[in-house]
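Next up: some structures, all given as structure tokens.
One chain, chain A, appears in both complexes that follow, with chain B as partner in the first and chain C in the second.
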Partner chain A sequence: MNIKSPCWFRFQDYLKNFSFALPAILIFSVFYIFPFIEIFRLSFYEWNGITPAMRFVDFQNFAELMQDEIWWQSIGHAAYITFIALTFQNVLAFALALACDREIRMKRFYRIVFFIPPVLSEIVVGIIWQWILYAGLQDGQSIGLLNYWLVKSGLPHLVNDWLSDPQTALTCIAIVHSWKGFGWGFIMLLAGLQTIDRQLYEAARVDGASSWKLFTQVIIPMMVPVILVVVILTILGSMQVFVLVLSMVGQGLGYHTEVPVTRILSAMTGTNRFGYACAMGVNFGVILVMVSIAFRWLSNRMKQA
Partner chain B sequence: MRRKIATLALCLLVCCGCAKRQEDLNTITLWHWMTDRQNALEELARRYEAQTGVKVKIDLYAPSDIYSQRIVASAQSQVLPDIYGILDKKEIFASFIQSGFVADLTEEFQKNVGAWEKMLFPKALDVNRFPEGNIYGVKAGIYGVPLDVTNIQMLYNKNLLQKAGIKTPPKTFQEFIAAGLALKRVGIAGLVSGWGEMWMVDCFASNYAFNIMGEEKVMATYRGEVPYTDSDWIKVFDIFKELSKKGILIEGIVTKPNKYAEQDFALGRAAFAFNGSWCVNVYHDMNSDLQYGTMLPPPINENLPMRIWGGAGSSLVVNNASVRKDKAIAFLKWLTEKDQQAYLAIETKNLPANREALESIPPILGEFASAMDLTTHPTIWPSNENGLVIEKFDKGIQSIIIGEKTPEEVAREVQAIKERELQKARP
Partner chain C sequence: MAINKYIAERIAKGFSIHLFLILFTLTCLFPLFWMVRSALMSNATVFTDKSLIPKVINFGNFAEAWVEGNFGIYFFNSLLYTTSVVIGIVLIASLAAYAFSRLHFPGRNFFFYMFVAAMMIPLPGSFVPLYRLMIVLGLINTRIGYILCMINVGLSMSILLLKTFFDKLPPDLEDAARIDGCGRLGIWWHVALPLARPAIAVIVIFNSLIVWNEYILAALLLNDKSLMPLQRGLMVFQGAHSVDYPLLMAGLTIAAIPIILIYLAMQKHIVKGLSSGAIVG
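Right after this comes the complex of A and B.
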């Protein structure tokens, strides 16, 4: 090959360009692709996570997972938390974003206040809410803030052991999760609202549109892409909730507050089944990817519409 | 020219990167999880450096579950420190040994006619000992050094018992129930414990299992020879049903981590607690005026002894691959000598592993120490239960406490998992 041929220069050029991308490719491969392949590989083994010896079990971990009622129950719990987040959290975030988008007094202050919960550590949030929902008594008086105020407000019949009652524990966790997470949606939705051209509002008003018409016919259609991003992020964030669960109810309440990540953690550190935990991780990852693809498809359909 | 300099610099950089790391042979690294002992350990490290010239770097990683995960991850990537602790089941301890991550200290303990071994509580050493023919297939020997000893008992608040007209702490389970009901009548919660942490549920249940049916029958159950549906196991599950039904347990006990349970007892929200000897330090910090005493969990069966969990509180092991192995062992020997143990006991209010240091401990710790002979622990049992069965067992007890399942239902569910796991284990 002639060393000065155009082909050689093209190759040199290609190498030069590739060298710029190489660090990013290396980092991505080492920290994302390799662990992913490794988790996938380990899911076919029975391994306690320490000994060098692993036993290849084929699809046995996946077969067992399909029949693991507690696993599917935990997915159901995460779906319930996600449902509360999609409705309560996002509606609240949208309402507050709409309020702050208007010319109201102290709107900058509100923006900061609404963004405080998301920046707090989940452990701190869990501990604060555990104190609020605490059911214990001292000298015959409720110590937990919620129960204390229920008694003070003349509603002692509503006093409950909120976090140790299977009927209320998961809902409490879901509400606290929504309280902690609404600030993200609020900021994104507010940013989306501020990109809408004000002239559109004025034009609609001139045409005699009511506030409701303005909201449904102008704001919502313009906000669809942002809403979809917020929805996808809410789903992905809520399905993976676990720090809040651990800090609010620990390992307690039977299986009533189990979510997928606590099950994975329990398989890894409680029963030392690394292979099974990896199979859970792969299964959960596939579910999340499928949900994301479904929403992407839905998003494209809505954009076309 | 510039290109040549850049190439040379790059080559130098790569060569430096590939060079073998220079080991500091005079600095030992110790990783631990004990937040309450960090200052005392650092002070001891300073004293050790002054005496020997060997520097000891004390690194704290807390809480304990995060520490455990770090140890497992470090073992997988072979970057364990010179000295560390394994906070896991004996099976996992065995895996660490079999993988070559833990040094065999038997020879060191037996030097000078076993001087080091004799210095320490035998129960504390047992946790680190693998006897001949152990079920894990580990070469017989001692693989860890206990830093302190512990046991888990019941505690009672003297003032609250007095308030309910209870003159002496209950001696039997029926007396305990009666005391709980008397306390309830005056608006005081009976028992608090961190049963939001499953191991504490397991500990309480296994105390009573030993008392109701004896150690041999419990081990036979673990081996799969006695089913969990046996009437004695139903009696164990019934304890939780009775405690819950009669309102003896504090509200929210199934989701309560031990830290909060300790707070409840220290602040007088419950008259009895089920907790370990480490609580002396915790209660002292939370309420130094607390008047309390220790008692064994009140037995149901008077014909069999009540055995409590205990033994080594915190143990440390030496990394077998460390180039500073000898220095690490020398430091641990020094750390378990009388003076250092007495200092640790006074500073951290934990029971010392060295028997000679017992004279320096406060009276309440003396009460804990007096029950050391009654201790047992899963790590020294000849058989251990499968992790999945333990999970089902503990979660089942939580279901009984919240009134969701009956003891018989839980027993059937646990037995079903047990049979499935036995089936899987068969060749």
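Right after this comes the complex of A and C.
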């Protein structure tokens, strides 16, 4: 005991220290790591999620997934929403951040207001916009505000069943998604702009640079790191959008608004194919990880250049 | 003459910038205004009356939504889930972050990077095995099960944020407390936690947003109307009364107002959190 004592003391010390991290590690293991392993394991089974009978099917779920047209279509839809978010939403966010990055009145007010849509839930946002885009008629008059305004402003030929028409539904969702999301980009880009040294602007001005030159030659190069962060967060966030889809159009109105996560959800709760749902999750997760690795590689190259 | 032209140009520029910003302010606020406006109307007029301020203002919808629409229960549940999850996250994450930053034990870095890696790897569809797990554990359709799941959701981000904060803190105060005879737990509670207040504010506000607005786990794990939080209740209500728009809008207002108020009260911390997040990312 006497010889072991310092060692024993050290062990006890480690144990006490470790106990600080233990609650976090326990919760994390049960609710993150275990499901993480399970999703891989279950993706090799055909299983309805209720009965204990599980049939090992090897890579059959994945083989079926490769042939699943609706699945790849849904990934295309998510990519389309992401494309709108990257272009329309982020350009807008950048323009608004540039407009706010100067000595103007009510700067604080704008900054507060632009972040209100992001703090609302996707359910609230989806239902409000569904109400505005509502296509029904009452007494020959449009109920939804958008159609009503279109008629009032003399454009009745543009009146549309926005969320049921396969041509417009996805674009409406993408625009509402951008409406909800641009505040994030705005705040991050504005914070980035404010770290740029004002003396750089003055130096460029003294050298006779025009506003456009100042923008392309000074602001953009200085902002590359922040822009890259905003872009990757936009990609990962928009690819996984689905609550907005559920609250705006729901499920089961044809496949024109399906996105990957709604497919996973309907494979799980609709057709009770848990194994197939897991295979979808793994497939989509791998795609997202590959996209973000490719993007990191690309952005390192860009930073070096 | 040249100066006049310069001033005119500057005024025009300032005017167009403000016009641009005000246009977007209206775009942000109008849907919310429309929601409140529709909530104040009756079912008879909401479909036809398109005036900005309704002719007959009717506050009854809020009372009806609160009682008959079950939004009172949903609101209480949301409040309960948000406070307990946030308190849980602050306690558990700060204990772990303090251990990762200041205390020594084998595997310290491994466990820390495990949490960081979880933030980097997107796992869509993880709700499928999680749902299964909750059934096996008997935690489905219970408050505690939902609370534990939501604590897990916010844990990684909070640990990372707090650990970076503790790393930057000078250890002098903790040393002084140790000399005064304070134990590990005492130092964490009396010294580290009070010093970390700015970081904790960021964690509280972001996790409140996440929990209050969370939908999918609430949809999968909670089937009892008496256990549902607001977001889930809204979807249930919409499914059951698809045409009662004034009542639905009143429910939306009930769900949106608290989070907007919290945001307005704590918006400084949001900007700070996002800027630090941009640096971390």
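Criterion: the second predicted complex is superposed on the first by the 272 of 305 C-alpha atoms of A that agree within 3 Å, B and C clash if a C-alpha of one lies under 4 Å from a C-alpha of the other, contacts with A are read in each partner's own complex, and residues count from 1 in each chain.
Everything below uses one rule, namely that a residue touches a chain if its C-beta (ideal position, glycine included) is under 8 Å from a C-beta of that chain, and two chains touch if they have at least 3 such contacts.
These numbers were taken from a predicted model, which means no experiment stands behind them.
Asks: Quick one: chain B and chain C on chain A, clash or fit?
Replies: Clash.
Asks: Give one of first, second, both or neither to describe whether A:138 is in contact with chain B, with chain C, with both, or with none.
Replies: both
Asks: So, does A:161 touch the first partner chain B, the second partner chain C, both, or neither?
Replies: first
Asks: Contact-wise, after the overlay, does A:298 reach chain B, chain C, both or neither (first, second, both, neither)?
Replies: Touch status of A:298: no partner.
Asks: For A:281, using the defined touch cut-off, is the partner it touches chain B, chain C, both, or neither? Pick first, second, both or neither.
Replies: Only chain C is touched by A:281; chain B is not.
Asks: Figure out whether A:203 sits in contact with chain B (first) or chain C (second), or with both, or with neither.
Replies: Neither partner.
Asks: Applying the touch criterion given at the start, work out whether A:51 contacts chain B, chain C, both or neither, answering first, second, both or neither.
Replies: first
Asks: Name the contact category of A:17: first (chain B only), second (chain C only), both, or neither.
Replies: Only chain C; A:17 stays clear of chain B.
Asks: Between chain B (first) and chain C (second), which does A:91 come into contact with in this model arrangement: first, second, both, or neither?
Replies: The answer is neither, since A:91 touches no partner chain.
Asks: Check whether chain B or chain C contacts more residues of chain A in the superposed model.
Replies: Per-residue touch count on chain A favours C.
Asks: I need the one stretch of chain B that runs into chain C once the two models are overlaid. Options are 7-15, 133-141, 205-213 or 259-267.
Replies: After superposing on chain A, the stretch of chain B hitting chain C is 259-267.
Asks: Identify the residues of chain A that lie in both the chain B contact region and the chain C contact region.
Replies: Common interface on chain A, chain B vs chain C: 49, 136, 138-139, 143, 269.
Asks: Using the touch definition from the top, list the residues of chain B that touch chain A in their complex.
Replies: Where chain B meets chain A, its residues are 65, 68-69, 72, 75-76, 88-89, 91-92, 95-96, 98-99, 101, 187, 189, 195-198, 250-257, 260, 264, 267-269, 387-388, 390-391, 395-396, 398-399, 402, 404.
Asks: Of all residues in chain C, which touch chain A in the complex?
Replies: 14, 17-18, 20-21, 24-25, 27-29, 31-32, 34-35, 38, 47-48, 50, 92-93, 95-96, 98-100, 103-106, 108, 111, 114-115, 118, 120-133, 148-149, 151-152, 155-156, 159, 184, 188, 209, 212-216, 220, 231, 234-235, 238, 245, 248-249, 252, 255-256, 259-260, 263-264, 267, 270-271, 274-275, 277-278, 281
Asks: Which residues of chain A touch chain B once you look at their complex with the stated criterion?
Replies: Residues 48-52, 130, 134-140, 143, 161, 163-166, 169, 248-255, 266, 269-273.
Asks: Would you tell me which residues of chain A are touching chain C in their complex?
Replies: 14-18, 20-21, 23-25, 27-28, 30-36, 38-39, 42, 49, 92, 95-96, 99-100, 102, 104-106, 109-117, 119-125, 127-129, 131-132, 136, 138-139, 141, 143, 145, 148, 179, 184, 187-188, 191-192, 226, 229-230, 232-233, 236, 240, 242-243, 246-247, 260-261, 264-265, 268-269, 274, 277-278, 280-282, 284-285, 288-289, 292
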